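Have a look at these structures, which come just after this line.
Each of the two complexes below includes subunit A, the first together with subunit B, the second together with subunit C.
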Partner chain A sequence: MTAGNSDAAAGLRAGSPWERRAAGLAPELEKALQARRRAGLAHGPLGLAWRRLWRTPSARASLLFLALWALLSGLAPLWPLPSPVAMRLSAEPSPPRWPWAPAPDLPQHGELELRPTRRLRCCADDGWAHRAVVEFSLADEPGSGFDPGPTAALLAERLGQVSGRRASAALEALAGGSWRLCLSVPLQERAPGLGDDRGALPGRPGLEARLAADGAFSPRALAALPGAPRLAGLRYHSGTWELSAFDRWLVGWRGRLFGLWQSGPWLGTDAKGRDLLARIVWGSRVSLQVALVAGLCSLTIGLVYGAMAGLIGGRVDNAMMRLVDALYSLPLIFGVIFLVAILNEYRSELASRGIGRLSVFYAVLGAVSWLTMARVVRGQVLRLKRQDFVLALEALGASRMRILFLHLLPNVLPIALVYLTLSVPAVLLYEAFLSFLGLGVEPPQVSWGLLALDGSEALSKLHVFWWLLLFPALAMGSTLLALSLLGDELQAALEPGTGRRDRA
Partner chain B sequence: MSSPSAPAAPLLEVRGLEKRFVVPGAAGSGELLALARVDFDLARGECLALVGESGSGKSTLARCATGLLPASAGSARFDGRELIGRPRREVAALRRRIGFVFQDPRGSFDPRQRVDGILAEPLAIQGGLKPRQRRLRALALLAAVGLSAEHLFRYPHEFSGGQRQRLAIARALALEPQLLVLDEPTSALDVSVQAQILNLLAELRREFGLSLLLIAHDLAVVQHLADRVAVLYLGRLVEVAPAAALFGAPQHPYTQALLASRPQRSRPAQPPAARLAGDPPSPLAPPPGCAFHPRCPRRAAQPDARCAELPPILSPSGPNRALACHLPLPPSPPPAPG
Partner chain C sequence: MSASPSISPAGRRRRPLGRFLARRLCWFLLTLFGVVLAAFLLMRAVRGGPFDGERALDPAIAAAVRARYHLDWPLWRQFAHYIGPFNLDEHGLWGDGSVPFGGALAGDLGPSFKYRDFSVNQILAQSLPISLTLGGAALGLGIALGLGAGALCAWRRGTALDLGLRVLATLGLCLPNFVIAGLLALLFCFELDWLPVAGWGASRHLILPALALALPLAATLARLLRAALLEALAEDHVRTARAKGLSEWQILWRHALRPALLPVVSYLGPASAGILTGSLVIEKLFAIPGTGSFFVMSALNRDYPLSLGVTIVYTALVYALNTLVDLAYGLLDPRLDGTK
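Moving on, here comes the complex of A and B:
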């Protein structure tokens, strides 16, 4: 045993007794590896945790449920849902509708039946942002030799006048002597003359309102035309919903997969005639994104901040934690409102740098939700730091970074994840609250929070539109339940020794 | 000295080691002198035991002497190279030749690492072996401490206390250390397991020619394993002697009291003089002079002014032994049988 400079090789000398011993043990290692493989343990710690998680029924159900939501919300443009912002065409207000209720007795004086025909079908097609399409169905008595051409031309001309654009018409013969007439007008995003009637919804309601107001398209006028055309639908979209390239691509696939078919108002409609199912699915996009981004923010900031404070200790720790205390003592929601309000002032500047309103919202929520995480992580790091295994690692010459990243953080992570699943619901509720105050998600966009608030506003003594409250609340509640179940099981799976079942 | 063929230079040479802790308290911050100018040598192949009450600075001494805890003053040379006041990396590299076994076998492993990871960790830190080779090493280490391949993929919480301590020993052996520091290796174990661990240690020591620095408050453990014993009182070495001589004829009154406090079946009740009165004084305010003088039975019998004024110096008091006492030898009590 020489005291040379070869400290690094002290344990690795060729011909050391250990090497000889180790060489003879190769078959035994093989046996152990095989036994492990047979026991289904041939995985890293993460793989093992994953298997443990997957074996737990509640965790599996939660995972599948959350995956379902992720799929629904991530691929929302693909699903054949009505547009979440498409309103009922009629100009007069009408109450929210529940489609499964027995139909109310409507006066049927041989007039055109308004309800089914005027149901709005604002569907996303590949012309999502470019064309307005008005569909008519034309029918006359069978065998009368009805020629739909003049009617189509008349309607096309009229639509052209209303929209200020040239309308084109396409006729398609259907079985039973009826025709489908598709009129379409090209639109530009935020087309002048179309999109400025209502600021929040540039484009669409403009044309819709015009059509509704225009005498030529009133049910009565339509009924008087030869072939008694019925307005079957109007679909287009323009600019109200900024779709990314990926979403537009999805819309294209939607057209290819489902054609013009779209779901009915299965979960009812709200007071503006918007389809609740579509709104819940589209709303989940904003809500889940907020939760995800804010959760990740809180996880990263909290982990780094807490681990630093715990590891450095002493005065630095003291200063860092007093800062957290100071932030804690402020009413958090107040701080969020303050921040959002300030950032709203600089909205256009931010927007010109490509920072959207929602990203500001995400960042603000993330920035306030890391406090608890930082505290928890610091406490854990302090607890772990005092354990002998850190000393043992130091004694072996492990660097601080190695101890922190390979030994402390993996031990902190399970608890951090559990806190993450607790902070995500809080963020979802913040989102709802801020949206209610008009500081968060704004009306053309939807989120679960907004939907729930809309639903609670729709409750009145006269009539309970329960579906408006129940379904958004169910969506939110079930997601939160799945998250917290998952958090529990995740902790059990990641922390060997505290779980109910340690080994297979 | 019973150590086999010791070369002239000791493996670990500690001189004037001091450790002060700043203790923030209600009444201003006090300074705690945990180690007061401690000197000792550890010869190659020798087992030196550090003995003393709780809080006497045994663990601190071992940690400071091996550079695990920064010392306030003094020098500690391991294999001729200084450990104190050197850059962190250098000390870390040198310390790889020292293995550590800690008292609590529960807290001394990363709870999220399996045995193969735990045993491969020292090799991974050091670098230079492929994962498969590291695993083979881990297996060899397991075999060396009496565990088998079936334990390779278990978590530490799945082991009993004794098995965990075996694991700790295996990990300490991974880098082929010359010195093993055992910090109360058996105090958390029950007696039958203690014996197994002690036998294992004795065996390993023979096999690998290890030097041991054993920290213990259990004198039976010390008697079983140690060649030489150093007695600490309040951070000061009061007596250093070969184990047989120390257990046979303790010279320092504190050592005598310590030995007398052992529960013994065969020995008659000790004379009251050998029992200690009071508690050890606070290390924040150690008594002047000899730290032991307020409780010293020998001083009570023959008062001496130096005891309360001058700190005694550790000086040779016989073959291979040293003593720090102003009142070296009263008529020595007859050596206890056995």
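Moving on, here comes the complex of A and C:
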């Protein structure tokens, strides 16, 4: 009923008082109908399911929680976290320290809380390549117009001579008229001891010893230079984590937003002084990425396989499902371990073709977790196939592929989505499991499985480093819990009649 | 779906058990053959073998080593030698005949590449009992805990006890078992100092790993049983029983449990696979010299015969358990014909 129609009707039948009254009500009725139609149109079956989902408190909580994780891990370079691979060598892990507790072992902490700088790129922990950072502090009389550039260039050149590599410099003005100069020297890729994450670092590259032995870096020689530079420290950055362009852009924004300020060891550090909070956030990046991509992989394979089987039917369907049954009865994890171990042999070839270790991982995990999806999709397709609209389409001469891709798959997608929320946790567990066994993500990178491995390796009778195990476990457990709750509720929302999966 | 059991009309003659078992055996052999063939081809095709160490071997020594493990033979001959039942090397039927039979069909899984003086059979004979003890203990413990908790939840449904157990079960499902194991170790070994951390030999060593393996299983079983019991309690025959004045416990035990056990039993197949999988990490974590830890080591060390042998044995185990579960189906509910 449209507004014009009702007006016309009201004009025609404006005779009796009742009719006049009805005509007066018509606009209201019209408004109500429109509102209802809007609601109905804007919320089709999917929209309704979404509203049903959003009304459930547990589903809403898990959605919000997952969104929070997505934000945290997706924008990890933006947050003022320490580098997850920068080491501060100490004998043992340091326990969690609350943000408001004083920082005992950070002498330079006072200097760090200075005005924001755009030169963060070199000075803060953006480095995921092996390198040493030599820090100098340069004093400056206020208002003397001292130009630190030549001194920086001179020191960089000297450092280049000592280390045999080109040093790059970054200058940063500190409050009170002093400067901080960070010279970073690239170390060789996979330097012995540096490349593997498990060795102790001090003195390995020998840069300290060479600096001490070189006369040009003696306190006296340094004091003679303009600005009287003082050697403030030497740090090593280990790892081969190349940041993507997007991540570097985020790092830039981090500099603009937070300056040099970064969080303290709120969740403690591990034995190599790496910040646990940063490692959990950066680890979530790898873990969630693997889970999501491998989940989508399994979704694609399962959809195509199941839909083909269901659509073709007959003997082909039977054979395809027999294969699924056979695969179901195998302990697939053995195959996965086997496959990953064998693919490790071809790592360099794959890498030279631009296929990283993680991509291999996605493919392998996706390749083993599509079975349930295929079964479910096949069942749905079989059900849909018998419905009248498919018959009508066939009668109209639509091709099989057209029916499959344009009409069947969109109808199957909601239920496939439910199984995606169930297969993502499974893949997440797989990743953790394989990383735990040493077959998954490798040390310069970090994932939740590796953190759990670190945590359980750090368990010892003498010192109970509980935080190393508890916090990664909490992160993993809460994410998996949110995902499984969401999956249950999503299913309940999409199929309101059937009840929940197992309402236990 | 072909896997769902059909409801047979009352009085229909059951299909003979022997035929069912024979069919399963055929499928099993076919599957296993596929697995072995794929794995064998993969590991022979892969570049770099277990003997490619940091140092290059002297060519003569390398040739001798390759000859010792028959890596210089053509692929089909290696495969036939591995599968058996005829021994194809110089001691075989066509050689001097001293060892006429060999290969997997004759129960010989070949030599280990990495543990030079051991055959895969010896390693399995040593480690499999350990893993089976652990797995059996975990399975028993998981079933006992899961069924107990599930029945308790259904019996006292709606109470705080029910809610608490359900929350625990959900948590148990959401944590990987190695994390559970770590947390248990943190609690019982380090804080309370009740149990040893690692090792094997005494029964005290068994408790923690078995518990860590059992808890996720128990959580799943508890959820399944609770849901199934609640469903069964809503049925007519239970109402009749209630009308007869039976106690709640009697109703639960005598009338609701049997139909409710069905989904639980059907889950036991995947559960056993899950326990075998979990034992890979748990054995590594608790330093238990079981088959799982050997498998992981062999995969990392490129000891292909050992990893293939373990895969064969574990596949057979899981398959046998699945078959048993299907048989148990028919016993529990005569309406369902598990031996289809």
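By our rule, the second predicted complex is superposed on the first by the 264 of 504 C-alpha atoms of A that agree within 3 Å, B and C clash if a C-alpha of one lies under 4 Å from a C-alpha of the other, contacts with A are read in each partner's own complex, and residues count from 1 in each chain.
As a convention for this text, a residue touches a chain if its C-beta (ideal position, glycine included) is under 8 Å from a C-beta of that chain, and two chains touch if they have at least 3 such contacts.
Remember, predicted model here, so these are calculated numbers, not experimental data.
S.K.: Figure out whether A:N411 sits in contact with subunit B (first) or subunit C (second), or with both, or with neither.
M.R.: So A:N411 only meets subunit B here.
S.K.: Considering only the touch criterion stated at the top, classify A:L330 as touching first (subunit B), second (subunit C), both, or neither.
M.R.: second
S.K.: Return first, second, both or neither, reflecting whether A:D388 touches subunit B, subunit C, both chains, or no partner chain.
M.R.: In the superposition, A:D388 touches subunit B alone.
S.K.: Tell me which partner A:F338 touches in the superposition: subunit B (first), subunit C (second), both or neither.
M.R.: Touch partner of A:F338: subunit C, not subunit B.
S.K.: Using the touch definition from the top, say if A:A398 reaches subunit B (first), subunit C (second), both or neither.
M.R.: Only subunit B is touched by A:A398; subunit C is not.
S.K.: A:S137 contacts which: subunit B (first), subunit C (second), both, neither?
M.R.: In the superposition, A:S137 contacts neither subunit B nor subunit C.
S.K.: Should A:A35 be classified as contacting the first partner (subunit B), the second (subunit C), both, or neither?
M.R.: The answer is first: A:A35 touches subunit B but not subunit C.
S.K.: Just which bits of subunit A does subunit B share with subunit C as contact spots?
M.R.: 502-503
S.K.: Can you tell me which positions in subunit B touch subunit A when the two form their complex?
M.R.: Per the stated touch rule, the residues are 66, 68, 79-81, 92-100, 102-104, 107-114, 121-123, 125-129, 132-133, 135-137, 139-141, 143-144, 149-150, 152-153, 155, 157-158, 168, 171, 174-176, 178, 208.
S.K.: Flag every residue of subunit A that touches subunit B in the complex, lowest number first.
M.R.: Contact set of subunit A toward subunit B: 1, 3, 7-13, 16-18, 21-23, 25-26, 28-29, 31-32, 35-36, 41, 45, 387-389, 391-398, 402, 407, 410-411, 495-497, 502-503.
S.K.: Okay, in this complex, where on subunit C does subunit A touch?
M.R.: Residue list for subunit C touching subunit A: 1-3, 27, 30-31, 34-35, 39, 42-43, 46-48, 153, 166, 169-171, 173-176, 178-179, 181-183, 185-186, 189-191, 197, 222-224, 226-227, 273, 276-277, 280-281, 284-285, 295-296, 299-300, 302, 307, 310-311, 314-315, 318-319, 322.
S.K.: Could you please specify the touching residues of subunit A with respect to subunit C in the complex?
M.R.: Against subunit C, subunit A makes touches at 318, 321-322, 325-326, 329-331, 333-335, 337-342, 345-346, 375, 378-379, 425, 429, 432-433, 436-439, 452, 455-456, 459, 461, 464, 466, 469-470, 472-473, 476-478, 480-481, 484, 502-504.
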